[in-house]
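Before anything else, here's the structure in question.
Each chain carries a letter (A, B, C and D) given by its place in the written order, and its residues are counted from 1.
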Amino acid sequence: MVRVVILGQGYVASIFASGLEKIKAKKIEPYGVPLTDELPIKIKEIEIVGSYDVDKAKVGKDIYEVVKAYDPEAPESLKGITIRKGVHLGSLRNLPLEATGLDDGMDLKEAVEHLVNEWKELKAEVFINVCTTEAFQPFGSRKELEKAIKEDNRKRLTATQVYVYAAAKYAKEVGGAAFVNAIPTLIANDPAFVELAEESNLVVFGDDGATGATPLTADILSHLAQRNRYVLDIAQFNIGGNQDFLALTDKERNKSKEFTKSSIVKDLLGYDAPHYIKPTGFLEPLGDKKFIAMHIEYISFNNARDELVITGRINDSPALAGLLVDLVRLGKMAVEKKAFGTVYDVNAFYMKNPGPKERPNIPRIIAHEKMRMWAGLESRWL
Amino acid sequence: MVRVVILGQGYVASIFASGLEKIKAKKIEPYGVPLTDELPIKIKEIEIVGSYDVDKAKVGKDIYEVVKAYDPEAPESLKGITIRKGVHLGSLRNLPLEATGLDDGMDLKEAVEHLVNEWKELKAEVFINVCTTEAFQPFGSRKELEKAIKEDNRKRLTATQVYVYAAAKYAKEVGGAAFVNAIPTLIANDPAFVELAEESNLVVFGDDGATGATPLTADILSHLAQRNRYVLDIAQFNIGGNQDFLALTDKERNKSKEFTKSSIVKDLLGYDAPHYIKPTGFLEPLGDKKFIAMHIEYISFNNARDELVITGRINDSPALAGLLVDLVRLGKMAVEKKAFGTVYDVNAFYMKNPGPKERPNIPRIIAHEKMRMWAGLESRWL
Amino acid sequence: MVRVVILGQGYVASIFASGLEKIKAKKIEPYGVPLTDELPIKIKEIEIVGSYDVDKAKVGKDIYEVVKAYDPEAPESLKGITIRKGVHLGSLRNLPLEATGLDDGMDLKEAVEHLVNEWKELKAEVFINVCTTEAFQPFGSRKELEKAIKEDNRKRLTATQVYVYAAAKYAKEVGGAAFVNAIPTLIANDPAFVELAEESNLVVFGDDGATGATPLTADILSHLAQRNRYVLDIAQFNIGGNQDFLALTDKERNKSKEFTKSSIVKDLLGYDAPHYIKPTGFLEPLGDKKFIAMHIEYISFNNARDELVITGRINDSPALAGLLVDLVRLGKMAVEKKAFGTVYDVNAFYMKNPGPKERPNIPRIIAHEKMRMWAGLESRWL
Amino acid sequence: MVRVVILGQGYVASIFASGLEKIKAKKIEPYGVPLTDELPIKIKEIEIVGSYDVDKAKVGKDIYEVVKAYDPEAPESLKGITIRKGVHLGSLRNLPLEATGLDDGMDLKEAVEHLVNEWKELKAEVFINVCTTEAFQPFGSRKELEKAIKEDNRKRLTATQVYVYAAAKYAKEVGGAAFVNAIPTLIANDPAFVELAEESNLVVFGDDGATGATPLTADILSHLAQRNRYVLDIAQFNIGGNQDFLALTDKERNKSKEFTKSSIVKDLLGYDAPHYIKPTGFLEPLGDKKFIAMHIEYISFNNARDELVITGRINDSPALAGLLVDLVRLGKMAVEKKAFGTVYDVNAFYMKNPGPKERPNIPRIIAHEKMRMWAGLESRWL
């Protein structure tokens, strides 16, 4: 069994919940789950035990009602979990939603205490953080982090940062837990949090679930690098209609995302080819199925100039939700292995911005094999 | 030094010759050469010592004259090699060219003898076969092959098959040589030839140089397989204006190409997703820069359906020519290592249809690392 | 009221029937019907009164049962029409279907007689021919056509040709009827049939409903022509999984399609730019939603070279079915106007190969306006 | 003869100058010039007599030197024209260029006077305005405009607005002139300027030359509208590496461009389909050859959902430069016809934002025919 607590009951979390239940009921195949049932912990052992949100329209509702709004075919087996109030700290700023949070009625230390108590009650094992993309600043130092909590510094902290802090406290008290950070806020890449995790029996996976065009770009760039083709420029657009894209029209949040993705080019090519890679816009009718377009121009042998264009329609939330089905199980395995802190071998495959900070992006196809080996599985092609 | 003999002085061989000389003269960067100067044998050590063709308009000409027709910036350092008469066996059938070959004036055994003698004089070390795509039948058994030569069976044999036979005879006599088969005719995948090579001190690399859309498709399929996305269908078109595309409008030749590429899907996905992958047409003004278009549809988590479309303009000949700069050096290294027969670790990265017959396609990104290790280089990402 | 008889109850006819009934019941909007309810004859006045097919699995069934196989949401209002036996003349050759036809039990003259009698009973006003693409030869002369019927020459005649012959006979007897030829077989482009139609009170619209990539190509070529950009080459691929694509894998049928589409390039550009435009393949999982890919390269001012690539997923049958909702009404209007023979102003917008033979393709955007004027509507932009 | 004065000697003007001279010398074909030599005024009659710029590195140089930097094959026949100092008014703000202008040393009234005097000396007939995209505000009223000039209000006025004001003054004095506004600043769409032009014997064509993806989008939307396909959403990206794209990274300028293009959707479809159409980014290695990507999703018959994707590499400056070869001739013709003010029939084909303000976008294919008729030519397809 893996007891999962969701932080942010939005599109991704809802598709995760719905798909998970359908797979457990054998209504659908586990497509999009990289390791399916190869792991010692099986998919059917995953159980959602709690869910948090800060949207006034969701808090207090049964999770089934919320999931159904995202997936009309949500199974009724989801019924029975009430969505609890989380921490917002302005995370819904500039979005057409009314926020409600523990932080409205108490200071941050109290909120952390409150969460830890609830999680004990829920016997949480793994947290998955799928909040809306935040405008954030990494901490870098443990001291700064502790100080911000202590001083109730709401301008400095984001919801995610408070959740990880609470999860660390919780893990320390109960002997172990895992936190999967699927959004861009730097956690596994912030030494402050990695150090905190190491000392608190917390496993942190992160940052930013590797979905969408970026992992594909990574493998295509690796493909070119291995042939010593010289990349002249890369343009990558993507536009979607879900709340994540809406949030990114907010300039500050967009900036954090941009930061995340850019290092890939240099890590894989070995030089920083000029590139324009960022979420481009919001167009509501596209919904969760974003449109991506990518253009790559490179020099081949004898100075020949080639061009590649990749376009696609990709369902954003399912891509991430499928990875979470692995990540919650790998999180529990990491706790069992006492691999506290963060685990690069897992992050390198599943995350856009694999922590810790000093580790690079590598081709996903190779990262996959290494991750398998970390998980005790045979490599497929090595 | 690597002494190279070219078989088929067409587009690929001419770009190979021109680009090689420019790199040696430091006029251009070695882009498109996967291993650049990482190998113990350096690019500047490669020397073209002989060239064969069967186009009446080319035989007897200086190689520089022919190369210039393909690349107006061909360097004059190419001057001094006269193109010799090879074997055609109908390989120009249905093409707007007049053929001339040794086989016009002698039987096949005599032609083989003739070639072996010339090669001794040239002190050939590595042969690169870049003839026009042939309509062929694999032999399977050594006996059948020997019989066809002996009986001068011109309907059964292709030029490539005769060249490999001659190269084996030559290698046996001089103690070692390598044959790089960059076209679809099965050589490294034909047990008859692999066995012959093993016994004759011949290294064979093949078959069909891994250029164009196929290796990219391979890496993209691996990318999907590693995420357990279920591929519904794959359509891949490509159209070009060079002689290779013209030759493929000839139905029989096209068939051999089609056979080559199809196994990739099953090898990489683990199931035979419905696919349509074949050269599609000839359109002269496109020249050597083909247009490719690929459509892939797959199922992601929670039964979401995604689509990818890849299009591109890719220079056909330089892509292959750049690989040849590695392959001639790896060929000489294999001879030195006495790795006679064929070398899967090399083929798996450089060939569309990596021999021997029973070995599968694997993701190119991984094949690259294994090939590096075979060549004594450090892996980049493993 | 417009009393419609369907010839060929396949995908297009079934989507036509289903969509029509849904629009009449106000369940859906009339999207894809160019003239919606601008015409004096309204959509709700269209009534399907008969349907013919030669697939043993369909003949004798209620049309509702057949339509439901193509559109699970087919409305029950379709019930009550039994699919009758038509003429096959080998039209299902090489398809995985068992054929049954009037021509199995009688000679062609008798079959024609039989059809005419049934149509009188049905009080047919407009026929829509949406048979499977045929391998055919145009007649050119009336005499040849009459002779073929008289001599029961089954090798010379296709099902469509016999249907038009029968429709002419019927129109002559009842005073007027219209025949919409939505497939590539030349009818409105065959002087033999146009002459027959003129003399028989028959209106013929044709040939080959203008759906898919071709009309879009036409407008894009017009766009380039108007800016005097010099088109170097055009490649257009399309691949689908419906029976029409399966039929086109049959070489002879494909040839007839190819003939149809090629003239567009010269008609619109004024010169015959090198092009490769033909249905490319069959890939079953694509179903009725084909994948198209098009590449156009041209020279702009100061010898600059530009490239356009168009790709798409397009539902094949609905695109044609929507046009038929106009064409049956325009057919009746033409009969009322006594515009017997064929009507270029209608064909030029709705058909890939607008008859009569000597008339060219023109930009669809302009053809649309002219067609509106023919129909007595105000032009939108002229 | 047409005596042309260039305002803004950047990429477009330089390609215009270079291509024009090459056509006049019969070195290249007049591709990209819509009306070639169909007009009564021939291409060879066009003469560039003056050129203005505000880039310190250009002012005072021979036009040939500047053109050569954009087109290495610039013909020497360009020699002999010295680039004069224009008006900048902050138009190079945020660009990596040093500005110099008449406005640095005199007030605006004096600058206008200065220009008018120079133009008299040059005997200018047609002005083409190809300045860098400006951040501007339309005037709306004549009075406001006159006041801004009088009060030397440099914050309110842009270089273009001052140039048109000067051109009007000049035209009034000499009896007629034409001003082609090829950039987004509203001139032909600003009643203040149209009124001024009418009263001053000035012809104004504008606004914003119809190049790039927008006119193609227009024709594709018309194509869909004529088939009553319901457009769900449109996303259009474009990214380039020339100075125009660099300027658009400046937020305010980008806003003006966005305004220009949006009305097309509603004008052509009849409803305002959700869309995201704007220049997306700057990526230097792309140079003048921008990359465009467009996605359109629509509903067809029976609620089928189709998708189109258009991508391309398009040379930005030649596309506009080719149109200018027509526009300067049409400008002179309009002066001869005394068609003072603005000419919608010309604007509707050549401009993204065809003035006057109250007139809509129409399909370009139709606009072309109407423009031909205005110019006294036969329509090609009507």
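Some observations on this one:
One rule holds in what follows: contacts are C-beta pairs under 8 Å (C-beta built on N, C-alpha and C of every residue); 3 or more make two chains touch, one makes a residue touch a chain.
These numbers come from a predicted model, not from an experiment.
Note on connectivity: the fewest chain-to-chain touch steps from chain A to chain C number 2. Centre-to-centre separation of chain B and chain D, using mean CA positions: 51 Å. Centroid to centroid, with C-alpha atoms defining each point, chain B and chain C lie 46 Å apart.
Inter-chain spacing, taken between the CA centroids of chain A and chain B, is 44 Å.
Counting partners per residue, chain D has 307, 309, 311, 313 as the residues that reach two or more other chains.
Inter-chain contacts occur between A-B, A-D, B-C, C-D.
For chain D in complex with chain C, the touching residues are 15, 18-19, 22, 28-36, 71, 215-216, 219-220, 222-223, 226-230, 289, 299-315, 318-319, 321-323, 325, 349, 362-366, 368-369, 381-382. Listed in rising order, the residues of chain C touching chain B in the complex are 232-233, 235, 237, 239, 241, 274-276, 280-286, 291, 293, 295, 297, 307, 309, 311, 313.
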